[in-house]
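Listed below are the structures to be examined.
Below are two complexes that have chain A in common, paired first with chain B and then with chain C.
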Partner chain A sequence: MYSLPIALHIPDGFLSNGVSAVLWVVAIVIIAYGLRVANVSLTEDRVPLLGVLAAFIFAGQMLNFPVAGGTSGHFLGAALAAVLLGPWIACIVTAVVIAVQAIAFADGGITVLGANIVNMGALGALLAGFLMVAALRVLPKTRGAFLGTVAVVAWTAVMVGAIATALQLAISGTVPLGTVLPAMVGVHALIGIGEAVITVAAVSAVLASRPDLIAIGDPERYAAGAPALAGEGAR
Partner chain B sequence: MSRVPLKLFTIVGLAVAVGLATAVSPFAASTPDGLERVAEDKAFVEAAKDTPLHESSPIPDYAFPGIDDERVATGVAGFVGTLFMFGLGYGLALLIRRRDGGGGATTA
Partner chain C sequence: MSGLCSHALELTGLAGDPGSRVHRLDPRAKIVGLFSVTIIAVSTPLAHWPVYVCCVAVLATYAAAARVSPRAVWRRVRFILPLVLLVAVFVPFVRSGGDSWAFGPLTIHQAGLEVLGAVSAKALIGTVGAALLGATTTFPSVLRGLEAMRMPRLLVLIAAFMYRYLFVIVEEAGRMRAALVSRGYAPRNALQVGAMGRMASAMFLRTYSRGERVYHAMLARGYNGTMPQLHPLAFGRADAVFVAGVLAVTLSARIAGATA
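Coming up: the complex of A and B.
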């Protein structure tokens, strides 16, 4: 039985050459900038974290969970990577996972690899990372507010990827925007909930074991053992 | 509460990832996912082409070649793939990290 190797990843043929080329350029520019950021800010203690995250995101993307109506979704990990590594280095990790999936596992197209790197990784990582930084500036410094923000940005990262994919499909002339956008938004609003649950669980685990490894915010202040700030995370 | 040593954090994190990919992924949902469902419902799924790398990729479609049992093939693909991703991520991080003149000593 023939089954399409799609798995949220865009297959070859869905996007026009022009759209694919533009997204390759966008992906390369983002990765190049990410490498510069890593060169300045990726400290030695974070090296193993990058390996663990690449492994975890790859594993998570194999775990399709059912959402409504005979449809499934899987974890993307862009927001998780952004919270733990910062938005720019997260772009590199997600790009590496997506590239290996395309090359070694035939998951996702090659001409559209730039698009997948942007839609499933970079866009979500950058948006989640910068939203998180902005939100934490105004929110109370509590564990609850931190994890709540993680949930919201994880959901948002999935949504922005879905919206971007819908726009690119429409610009490519594959399907009208009015048809594809509501459908993509509807399905991914549900998949985003799964993304939020997994991301919060993973961030909670890091918060409990190595809060110093979390790049965004000031999580050590309210991690276990830190002076209680709002009655949470005191022990 | 004291911090978990980095080595332990790494081993446990990797073990969780490998365990999920090996033991849970064979039982993951096989229904069409988000984009696939939309492509079927909105009738543009036939625009999809197989990737040109489909023949040459070592583990196409997350099924380790030469294993008849679909679930075992997926589990083995998950095991191998996750370990490979860890090595690649770790190695890449060593290459692109900040250099403080400390040389290329390994961490953890």
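Coming up: the complex of A and C.
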């Protein structure tokens, strides 16, 4: 069975020079600020950890799932990274993942690397992270509200990335907006559901076994209530 | 693992003759040379298409000198075809302008064909350029080159650790996915993917403790924040000639095209 993977990695040439340049600047500003946050909040011993977590996100993106009509989407992981690492560190880690995909695997163009970093990593991670912080301030401090918020921000992160990609392709004159926007929004509304289901299941399992590893909110408070099923399992 | 994997891991690493002059160039020279070919091609409008030909010729010469076979290049770049196809399916019909030709109910417009031509040429050149860099330079030396070119150290370190453990972790994900499939897991829609999330968290927790173990093992072996390097990078005359040659050919084509 062959299914067409829907990838958001934009190749070289799909964006106009102006759009590529602007998004490079945006990506560099975000990464520079993220590095400042990281240098303040990270000790040296966390660096290998960030490296293996980047490898984890890369491996997570292998999780293909069916969407509709023979197409499949794959897990993106920006929201999960934001929940586990905090929004700024998640930006850095997803940016490294996307850059390695471009340089070592030729997946996604070099001239549009800034756009890919913004669309597939930074936008989702920042949006998911800050939406969660804002939502958790007003919502009741329960496990259900926390996981519900995770679902909403994971879906939103995918949608915003897709809409941003569609807008950039349209502004560049590659594909007309009327064609690309409904197509991207339609497919990613479904991919976003898969992303939300995976992210919620992942976060609830981490809550159950290692709530101390969750960077956003007050996870220790609602950790109880689910059986520990992950952890150092059968090896 | 086909069918589960959006990044074919076997399509990375060196190809061609590892002892060739191209493989032995300084990584900085190859990064600058190949990425400038891509940047020059991408910045060129379709009207100056001879520049694309020139870029393709430079890449072909590079591949031939490194003895990277066309087959190896094709295997690494063919995954962009669906994306180009996606543009090909829509753009010539919906983007109007210039001459147009009617085929039954469909109309093909010249402006759309021009966009398609430019996009395919640029995507091809960019992807082949990156694939050739990967085929002639090991990823650790690409990273050393980038570090020498003032890439922030934290990013280089994260990328280095990521690449080192990538294959271990991806194969672990493949094994876990195989375990799910062997127990009859076959999701039909996006609501049935919760098991993948639990798998992802098991993978995350294992990865996290692996990261901690790795770091402590490194400390035990005397890691002090920098990786020792056996051979320092040296940007020699051959590297300068290579970069100058690539830039001379592509830039002169670009400038000639712009002024013609």
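The criterion applied here is as follows: the second predicted complex is superposed on the first by the 209 of 235 C-alpha atoms of A that agree within 3 Å, B and C clash if a C-alpha of one lies under 4 Å from a C-alpha of the other, contacts with A are read in each partner's own complex, and residues count from 1 in each chain.
By definition in this document, a contact is a pair of C-beta atoms (placed from the backbone, for glycine too) under 8 Å apart; a residue touches a chain by one contact, two chains touch by 3 or more.
The shown structure was predicted, so the numbers you read here are calculated from the model rather than taken from an experiment.
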item: Three-chain arrangement built on chain A, chain B and chain C clash or fit; value: clash
item: Partner chain(s) touched by A:Trp155 [first = chain B, second = chain C, both, neither]; value: neither
item: Contacts of A:Trp88 with chain B and chain C, given as first, second, both or neither; value: neither
item: Touching partner for A:His188 - first (chain B), second (chain C), both, neither; value: first
item: Which superposed partner A:Leu80 touches (first chain B, second chain C, both, neither); value: second
item: First, second, both or neither for A:Leu53, with chain B first and chain C second; value: both
item: Contacts of A:Thr71 with chain B and chain C, given as first, second, both or neither; value: first
item: Partner chain(s) touched by A:Ala38 [first = chain B, second = chain C, both, neither]; value: both
item: Which superposed partner A:Phe146 touches (first chain B, second chain C, both, neither); value: neither
item: Clash-bearing segment of chain C relative to chain B, given 181-189, 199-207 or 235-243; value: 199-207
item: Contact residues common to both interfaces of chain A (with chain B and with chain C); value: 3-5, 7, 11-14, 35, 38-39, 44-45, 47-56, 58-60, 62-67, 73-74, 92-93, 96-97, 100, 102-107, 109-110, 174-175, 179-180, 191, 209-210, 213
item: Residues of chain C that touch chain A when the two form their complex; value: 3-7, 11-12, 35, 38-39, 41-43, 76-77, 79-80, 82-84, 87, 90-91, 94-95, 115, 118-123, 125-131, 133-134, 139, 142, 152, 154-155, 157-166, 168-170, 172-174, 177, 187-191, 193-212, 214-215, 218, 225
item: Sites on chain A touched by chain B in the complex; value: 3-14, 35, 38-60, 62-67, 69-74, 92-93, 96-97, 100, 102-110, 162, 165, 169, 174-175, 179-180, 183-184, 187-188, 191, 209-213, 224-225, 235
item: Chain A residues within the chain C interface of the complex; value: 1-5, 7, 11-14, 17, 20, 31, 35, 38-39, 44-45, 47-56, 58-68, 73-75, 80, 84, 92-93, 95-97, 99-107, 109-111, 173-176, 178-180, 190-191, 193-194, 197-206, 209-210, 213, 229-233
item: For the chain B and chain A complex, residues of the former touching the latter; value: 1-4, 6-7, 9-10, 12-14, 16-18, 20-21, 24-25, 28-39, 41-42, 44-45, 47-54, 57-62, 74, 77-78, 81-94, 96-100, 102, 107-108
